[in-house]
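Both complexes below contain subunit A, partnered by subunit B and then by subunit C.
This part shows the complex of A and B:
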C-alpha cells in the first residue's frame, strides 16, 4: 500500500490530483449549480420562469440597465483619469521611484467597505449630498487603482526605442502618442477596463452605503433575492450577470492569464 | 521642465484625492466624537479602548474570527497550492493549460458569483454554514494566487537537481523536502502573505457563506454596523491600524519580489 502511494508520488505530475479534485468540487460544480438552479423551480422541476420573471419585471430590467450605465460611466472616468497617471508613472523622465507606483496601488488592498465608509465620511465632511454623483465618485475612488496598474504595466514594458523610431521618422508628439504609445498600450487598457467594469457591474453593499439605500444596483438585487430565499431567481440573475461578463470579456478578448504569469502581483 | 511640474502635480493631486478618505479616518481616529466629522479635541481614547478590549465584545470576536479564518485559509491554500504547482509544472502542456484555465476562474469571477455559487453548493450538499464553509470558500479564492506565486520559482529551478537527489538515494519525500522545498520557499511565503491579506479583506464571498448562526468577521461586522447607521467609533482606529499593517505587508512583498527579480537577472 505504502509502496503504491510512493510509486504514485514519484510521478510528480500526480501531485496535481488533490487540487484538481478541489477545483472540481469548489469551482466547477458550484458554477454548474448556478445554471441548474437558474433553470429549475423550488421543487427542482425544469422551468424558464426565472428568466420570464426577469424579462416581465420592469424594475429588475431597469436596475440591470442602470447598473450597466453606472459601470460604463465609472469605467470611462477611471480611464480618463487613470491613463495619464499610468503614462506619467511609467515615463522615466517624470517618475523614477517605484514607491510612487506602490502608493497608487496600495488602496487596492484596503477593505472595500472601509474604503467606501471613508468615502462616505469624506462626503459628509465636505457636505456633499449622497446620491447618484456620490455613487459614481465613490466607485471611481474604489476602482481607479485597478485601471492605473495594468496600463502602467504595459507602458512600462514598452520598448522605448519604438518611440524614438517614431520621432526619427518625423512624427510630432501627438502622432507619437496616437500612432505608437496608445496602440502598444491597448492590452493594458483592455485589462484595465475589465478590472474596473467587472467589479462595478457586480458590486453590492457599496451602492447602499454611498446613496443611503436610495439607489439599487443589479448586485444588490441578486443579493436580496438570495437572502430572501429566492435561490432560483437569484441564480438566474447571477447567470445573466455571468453572461454579461462573458460577453464583455469576449468583446475585449483579453488574456489576463499571461499577465499573471510573472508571479509577483505587484 | 514645465511638463515635469505639471505631470508631478497631476500625480500628487490624484494621490491626494485617493487618500483623502483614508486620511480623514486616520485623523478622526484621534478624537472621541461618536460621529465622524466632529472634532472634540485630541484623544487616544479610541485606541486604548480598542486595544484594551473595552469595546463591544462582538467587535473583538469579529477581529479574532477574521484572523483565525485568514490564518487557516492561508495555510491550507499555501500547502494545497504549492503541491498543485509542483504537479502542474510537471504536466504535459495541454493538461497544464486546461488546469491553468480552471485555476484562473476564481480570480476572474466577480466575488458575488463566487459567493453565490459556493452558497448554492453548501445548501445543495446540506452543509450548515459557519466557520467551515467560510474557510473552504476562502481557500477556493486564495489557492489560485498561491499557485501563481509558486509556479515561477519552479520555472527558475534547475530540474536536474531533483533527479540528482533521487539518483543519490533520496526518497521522493526527502527530495521534496531537501531539494524542491528550499527552492520554492520564497514563492510559498509570498503566496501565503497574499492569501492572508485577500482573506482578511474579503467581504462579498464571506457574506454568502457565513450563515446566520451569529458568526461574524470584520467585514460582515462593519457591514451590519453601517447598515444600522451608527458606525462604531472604534472602527476608525481599527481601520487606521489595518491600513498601516497592509502598507507594511505590501512593502515587504514588494521588496521580496524586487530582490527575487534582481537575483534572477
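This part shows the complex of A and C:
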C-alpha cells in the first residue's frame, strides 16, 4: 500500500492532484452551480426569467450602476492617494527604512469588519453623519494598502539605469516622471486598480455598517436575495457581477502579460 | 594649448563615498574628436569618473568643464553629452523608433526632422527597417546598436560609453569594436570609453588613461602605454609581461636575473634599484649558443594559435615567459637574447615600506595601529614621532590570521620572475608591500608579523 503511494509520488506530475481536487470542489463546482442556478427556476427548469427580472427591475439596475460608480470613485481616490505614497516610499531620498512600508501595509493585518466597526465608532465620536461620504471613506481606508503595495513594488524594482538614461537624453525631473517612471509603473497601477476595484464592487459589509443600511450596493442586493431564499435570482446577479469583473480583468490584463516584470500581487 | 581645444576638462576631481575615496585628484583633458579610453580593473573608479562627466554624480572636490563651460553642478539633462549604458538601458515600453526618437522628442523637433534623423541613426548602426520592433525581441548586439543610435542621434559633443561591449560574445565584440571606430571617424565627436579590457583599449583609442585605485597611473597613446609603461602596475595590466627587479649599474647598463645587460635608458643614477619590463614577444629563443645572454630550461610550452607561449627557467631560478613562432620541447636547454631596445626600465615607486610611527618605549614602536617590538633605540625618547622602514622581504605572512600582529587581505599580486610582490591592504586601511616566494591568492586573509631586527627606526 505504502509502496504504491510512494510509486505515485515519484511522478512529479501526481503531486498536483490535491490542488486539482481542491480547485474542483471549491472553485469550479460552485461556479458551475451558480451558472446552473442562474439559468433555472425554483423547479429546476431552464429559464432566462432571472435575467429578464434584473433588466426589467429598475431598482436592481440602479443599484448595479451605483455600485460601479462607488467602486470607480473609490479606485480613483485610492490611485490618487496611493501613487504618491508608493512613490515616496520607494524613493531612497525620502524613505530609507522598510518600517515605513510596513506601517502602510499594517492595517491589512486587522480584520476588515473590526476596522470598519472602528471607523463607525470614530465617525460617531466625531459626530460626522454616516452615509455616502462615510461609505467612500471606509472603502478607501480599507483598500488603500492594496493600491499602494503593487505600485510600490514596481517602483522599487525599477531599473535606475532607465531613469538615468532619461535624464541623459535631456529630460528634466518632471519629464523623467511622465516619460519613464509613470509608463513603467503601469503594471503596478493596473494590479492596484484590480485589487481595489474587484473587492469594492462586491463588498456589502462596509456599506451596511457605514451607511446604517441606508445605501444598498450590488453586493448587498445579492446577499439579501440569497438570504431570502431566492437562490436563482441571486445566482443570476452573481453571474452578472462575475461577468463585469471578468471584463475588467480582460481589459486591464492585456497590458500586464507583456510586462512580466510588473510586481503586482495578481 | 588653448583652453577651447579641450571639449572636456576634469580638474583636480576627487570623489568620496562616505570615508571611502573612490577618485583621488583626477586631472583629465579630452580634445575635440579624440577617442579616449579609461582603462582599469573593476573598482578602480573608472565608471564613477564617467558618471561624474555625465552628471549622475557630483564630485566632492574639483571642477568639470564641458565645451569651455563649468558644469560641475549641472544636472545631466543640461549637459552636452550622451551616454551608452553598460546594460543598454533601453526603454522596454517603447519600440526601437521611439527609443531612438526619445531625446529628439524631448527637444520638440518637427516630426519629419525626427523621422529623418532616426532613419539616419539606424542606418549608421546598421539597423535599418527595425523601427517597429519591440526592444525585448532584439539580441544583445542589436540592443547595443539601438542604445548607441539613441545616444548619437542627439548629436552630442561627447559620447560617453560605459563598457558598452562587456555583455557581448567575443566575435560580436570584435565586430562592434571596428564599427565603433568607424563611427567615431564618421561622426567626428569625442568618445570617452570605459573598459577593463586592455586589448579593446589598445584597439580603439587615440589616448588611453590607465587607472588604479582611484588614481590615474598613466596617460598616453596605446603605443606609449604598451612600450613604455610608467610603473609595474601598468606593465602588468597592459599585455603580457615579464616583470623583474633590477639594478641600474650606470647609464645604459642594467643588471637583472643575475646578468648585466646593455639597455637604452639613462638618468636613473648609479646602482639604483629599478623595475624591468620585457614583453614576452621581445625575447629571442634559440638552441644554446655563444650568442645567448641567458640559458635556461623549458618548463612548459602552450600553443596559443599564432604563437607558442613558453616558460623558461634560468639556472639561477628566474622564470621568463617567451612567445615565439617556434616551440622547444619541455626540459630542452635553450638560449635567450634580449635586445637593448626591448628592455624597459622603470623607476621603482618604492624600495621599502615606510610608515609614520610613534615610539612607545626604547624597544617598542607603534605603526599601522599595532605595537611592534624593535631593536633597542636608546637615543629616541618614548612618545616621539618617527618613521620606520621595513624591507619587503622581511614582512612575514601567516596563514593563520591570529598568529599575526596585524591582519589584512591580499589585494594585488605581481610576479617578479623569481618571487611575488604582494600588496596587502591591512585592516588599519594602509597598504603594506611584501616580497615572498609563497603562493597567495587575491583576497586571501592573512596575518602579518615583522621580525624586530628588520624594523629600521628613523628619528
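Operating definition for what follows: the second predicted complex is superposed on the first by the 247 of 266 C-alpha atoms of A that agree within 3 Å, B and C clash if a C-alpha of one lies under 4 Å from a C-alpha of the other, contacts with A are read in each partner's own complex, and residues count from 1 in each chain.
Basically, contacts are C-beta pairs under 8 Å (C-beta built on N, C-alpha and C of every residue); 3 or more make two chains touch, one makes a residue touch a chain.
Since the model is a prediction, treat every value here as computed from it, not as a measurement.
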item: Clash or fit (per the criteria above) of subunit B with subunit C on subunit A; value: fit
item: Which partner reaches more residues of subunit A (counting touched residues only), subunit B or subunit C; value: B
item: Which of subunit B and subunit C A:159 touches, first, second, both or neither; value: second
item: First (subunit B), second (subunit C), both or neither touched by A:59; value: neither
item: Contacts of A:22 with subunit B and subunit C, given as first, second, both or neither; value: first
item: Touching partner for A:171 - first (subunit B), second (subunit C), both, neither; value: second
item: First (subunit B), second (subunit C), both or neither touched by A:102; value: first
item: Three-chain overlay, closest Cα atoms of subunit B and subunit C, distance in Å; value: 17
item: Where subunit A meets both subunit C and subunit B, residue numbers; value: 261
item: Subunit A partner contacts - residues on subunit C that touch it in the complex; value: 54-56, 75-77, 81-83, 85, 87, 89-93, 102-103, 106-107, 150-151, 154
item: Subunit C contact footprint on subunit A (complex, rising order); value: 159, 161-162, 164-172, 175, 179-180, 183-184, 186, 259, 261
item: Sites on subunit B touched by subunit A in the complex; value: 3-4, 7-8, 10-11, 14-15, 17-22, 24-25, 28, 36-37, 80-81, 83-84, 86-92, 99-108, 110-114, 116-121, 123-124, 136-137, 139-140, 143, 145, 147-149, 151-153, 162, 171-173, 187, 190, 194, 197, 200-201, 203-204, 207-208, 218-219, 222-223, 226-227, 231, 235, 239, 242-243, 246-247, 250-251, 253-254, 257-258, 260-261
item: Subunit A - residues contacting subunit B, complex; value: 6, 9-20, 22-23, 25-31, 33-34, 37, 81, 84-85, 88-89, 91, 93-95, 98, 100, 102-104, 106-107, 109-115, 117-119, 121-122, 124-125, 141, 144-145, 198-199, 201-205, 208-209, 219, 222-223, 226, 231, 234-235, 238, 241-242, 245, 249, 256-257, 260-266
